[in-house]
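Please go over the structures that come below.
Consider the two complexes below, in which chain A is the common component and chain B and chain C are the respective partners.
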Partner chain A sequence: MNKNTKSGRRDFVRGAAAVLIGGAVLSAGRSRSPRLVWQIDPAKCTQCGRCATHCVLAPSAVKCFHSYSICGYCDLCGGYLRPDAKNRNTGAENQLCPTAALQRKFIEMPYYQYTINEDLCIGCGKCVKGCSVFGNGSLYMQVRHDRCVNCNECAIARACPSDAFKRVPASDPYLLKSDQERRIV
Partner chain B sequence: MSTAKKNWIWFIALMLLVLGVGIYLGQSRRTELGKSFDYSLEDYRKVDPALIRYTEVDRIVPNIGKLSALAVAPDGNVYVGGENAISIFPENRRLPVNGTPTCIAVDDAGTVFLGVGDHVEIFSKDWKNTAWPSLGEKAYLTSIAVDDWYVYVADAGSRRVWRYKKEGGKPLEIGKKDWANGVRGFYVPSPFFDLAISRTDGSIWVVNPGYHALENYRPDGMPLSKWENSSFMIDGFSGCCNPSHFALMPDGGFVTAEKGLPRVKIHNVDGSLRCVVAAPDQFDDGVLGLDVAVDGNGRIYVLDPSQGAVRIFEEKK
Partner chain C sequence: MKRYVVPPLGGFSPTGSRWTGRLKAVLHALVCMFFFFFGTTAHAEFRFPMPEFASGYTHPPVHVPGPSNMMVGWDIVVLLSTLTLASIFVLKHRKRREIFLLTLFSMIYFGFWRNGCVCSVGSVQNIMAGICDPDYGVPLTVLVFFSAPLIFALLFGRVFCAAVCPLGAIQEAVAVKPVKVPPAVEKVLSVFPYLYLGLAMLSVAMGAGFIICQYDPFVGVFRMGASFSMWIFGGLMLVLGIFVARPYCRFLCPYGVLLNWCSKLSRRHATITPAGCIQCDLCADSCPYNAINEPTPSEVPETREQGARRLGLLLLLFPVLVALGVGVGCLLKEPLSRMHPTVRLAERIAGEELGRYAETNIESEAFRASDTPNEKLYAEAMEIKEGFGIGRKWLGAFIGLVIGCKLVSVSILRKRTDYEPDRGTCYSCGRCFKYCPVQE
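Take a look at the complex of A and B:
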């Protein structure tokens, strides 16, 4: 074995070690930076309806969320009933939600509990608008992370007119209106 | 036609078909939401001009932030509360307060009663301060009224009205559910809960906002009468807490202010609509806390926190 062959092998070992160490350092660095996911800032959301039409998923990964601690449990709920509702009941003609995703249950006079059927919700935000105008603003939009595919360039974020979409750490992926909702999501 | 030419024509036709299908699919995935997804309140914001019988004649712009409370004293002075202060008009005197008063009342002697968060503070004419004990952790005082004998306080936190003697002490509870006596309890989904003392008989009128009702009680808490009208139309009240504020006219009518669809109206003693003072397009969108007060001449004062002013309305001549 001559001298040139020896130095070549040494160089190869050195190079490989450098690549391995560099890779390890890079991957360590990467694992320390948090993984980010998309989320809607409820304070900026204007319920324009684009969440329903621009998500790559059908139906959209954006769903209506309900903050029970903020809700007034009203009978005349601006998020549930159309402004021109003839009666305050569950008749389809009285409901604001076109897909009947917002459902209500009588608790005790005069309180009603409102829940969202996420399988029916398409993320149009119509109920959120009604709740914000007439109610306490307990309904709001959020990206559901058990559905979202977390596109690198979110199609809704690109179309959002109010810049409400932002990146948040995957470890804390919801921007909830009340901390009491953390145990639910 | 040569075979090569035919092949080219077929190829271009196929490509055009693929392009067409691609455009069709692309567009169909991006269709806008249909008409049933529209949500517009424009029709409800419009008010028949014939109903608007008042006009804005003047404005008071206090030099304090976060306007939160308004009262017209028996002597005609206007008291405006805000961040750490109240201002008295027309002399424009600014007096310091520890905290932000959520409601103000003034008696015949010029003593000022403030609701500040969970307790009542009293300021004598020379601005010496006395504080009554807190009404509890849940208490949030939203309205206060005073007559010769009692001080009534609306507490949105505990959904009660508390009646104090003028010298203070333990308050009497009004509004606890008592079906035997016809008291259904106050339903207050958000912190808008107003009351006023009748100018004629000393009874109190209290808003039951979740029911869109105005309820009349004797000073001992026994119910006398009520009227209510839940409706998105101009003659009723909508949303989860309306009317958010009200005041009594010298003739017993009700001046009501609403949130959601911000508007100020006058209802007759039986609850029927008399007229509109200010329509929704006269206010900023989403304005909250339109407190109202009426002076002895029937001039209506509207606290408009979004414009940082007290707006004065008079009946059109």
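Take a look at the complex of A and C:
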């Protein structure tokens, strides 16, 4: 008899605990969201350089993106050349990019195409700063989702001084500056 | 998000004479030079016009690879099946080797392969964030990762800790020479998980970030990359884990608190002996976690009145402990609120305004660039501090209550005739199984 009442009480408390867990789950999940991934809002990014240093991955999952459709194709490119560059050529001493990931190709007078070598880019944002200070802002930072491990709390988001990181739906994981871009997955 | 005005694609003139090309070159260079020297004063949407190419050039596409971590559906399947397998191994097969192999699998799958995210330990924060903020969407995976181990603990004990949790698994893998921690030390240190849980919940509720993820010592090992200090912390934990088995689980893990509560109520639980205990004493030293309760001595060391009086005193101590906790919480107002980045930023900005710092830092520069008035930031910071003011009292009261409960639990003498695993703290690791000479 004593044992029965004891086990009955135990069952009751267990049931109450289960209800509590269910309640927590229901209450937390009341606004269900699609699967979300981290992304940088280019309008907020201040190119502080922390993307290169604060990612849990080395090199960072953040890399530079180039929206060709808003690029001026300038010869004198603020993203490519150092401000104190002696010459407007591909000499290493003239380049802003520390890893020579931003590559320049002649198209026609006077236009040059700038391409990012994704394997070399470390996401330091130096070219992005140059392009936004003197240029159209066609270079900008984005989280590359083939590299991002999608941490529960992004380590760069925590360190970001301008609150530029946000979660976006995994079905549309990029915040490109231009809708005119041809995309390849 | 701000959308940019973009000229339509195409429309590039297919032909163009050499002269127009030269002319365009000169003009473009002039425009560039002009802006290079006076560029900062120009505030057009686009400084430079998009060129029209004579050579029929079309620009290359942008590479936008999709998320690589799309196996989340599989994660739920693997989680539920490893939990089921662990329950079978612990309760039915009773073989340490099988449990350990499953542990290694979990370490490799959830840890090294899936990079240790999202894990059940961290999911507590998402649940709290979802409860506090109606707009914070919690994905289904996280809901399952939070609830499944708890439900399994209610049914079968902490089988999640035994063989599924990647954080537990990596510590189980390095625990080659475990020594016994004195039970008194163990009891004192076991208050820390409650403190950690309380701090983490306070941090999430105030929007100050996920500290459990931030100070996860082993996720850096799984990803082969972490900050220097976290490498040191993770490395120390692993080295310590060789001698003190599962230091994180026992003395820090906040999710372990919930598992402990659920496991205390478990419907079935791992037993040391497959049949009846013969009090042979062989298993007494087999548990590196101090989770085996010995049979109580036949003669009671004190009279019933003495025990009742002590219990009464301890119960009277409860309000004192809670008040003490609230008091300590009140003292911690400033350091606690500094967990929040907005409060830190506001203090920095105020300090800079007062000339306390010689230089600006990245945060203050970014804030100044955003053109937000200082007063708005200060008001926001004050509001957050206010929130912490309430939260820290709750946290202090909670810790006081926990300490009181711990004191009561060590002072109550429960009658036990057999060697039994402590349902709350037993990780169901199965080390004690082979020490029992009783055959089924």
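Everything that follows uses one rule, which is that the second predicted complex is superposed on the first by the 149 of 185 C-alpha atoms of A that agree within 3 Å, B and C clash if a C-alpha of one lies under 4 Å from a C-alpha of the other, contacts with A are read in each partner's own complex, and residues count from 1 in each chain.
Heads up, the rule we're going with is that a contact is a pair of C-beta atoms (placed from the backbone, for glycine too) under 8 Å apart; a residue touches a chain by one contact, two chains touch by 3 or more.
Fair warning: this is a prediction, and the values are worked out from it, not measured in the lab.
When the two complexes are overlaid on their common chain A, residue A:135 makes contact with chain B and with chain C alike. Judged by the touch definition given at the top, the superposed model places A:52 against chain B, while chain C stays out of reach. Within the superposed three-chain model, A:161 lies in touch with chain C and out of touch with chain B [touch as defined at top].
With both complexes superposed, C is the one of chain B and chain C in contact with more chain A residues. In the superposition on chain A, contact is made by A:98 with chain B only, not with chain C. Looking at the shared chain after the overlay, A:84 reaches chain B, while chain C stays out of its contact range.
By the touch criterion stated above, A:37 is placed in contact with chain C alone, chain B being left untouched. Looking at the shared chain after the overlay, A:181 reaches chain C, while chain B stays out of its contact range. Shared contact residues of chain A with chain B and chain C: 58, 71-76, 78, 110, 133-136. Residues 29-34, 36-37, 39, 41, 44, 187, 189-190, 210-212, 230, 232, 238-241, 260-261, 286 of chain B are the ones touching chain A in the complex. Chain C meets chain A in the complex at residues 1-4, 6-9, 21-22, 24-25, 28-29, 32-33, 35-36, 39-40, 46-51, 53-55, 57, 59-70, 72, 115, 117-119, 122-123, 125-131, 134-141, 143, 146-147, 150-151, 154, 209-210, 213-214, 219-220, 223, 225-226, 261-262, 265-267, 341, 362-363, 365-367, 369-370. Partner chain C is touched in their complex by these residues of chain A: 10, 13-14, 17-18, 21-22, 24-25, 27-37, 41, 43, 46, 48, 50, 56-58, 65-76, 78, 107-111, 113, 115, 118, 133-137, 144-153, 155, 158, 161-162, 170, 173-185. Of all residues in chain A, those touching chain B in their complex are 47, 49, 52-54, 58, 71-78, 83-84, 88, 96, 98, 110, 124, 126, 129-130, 133-136.
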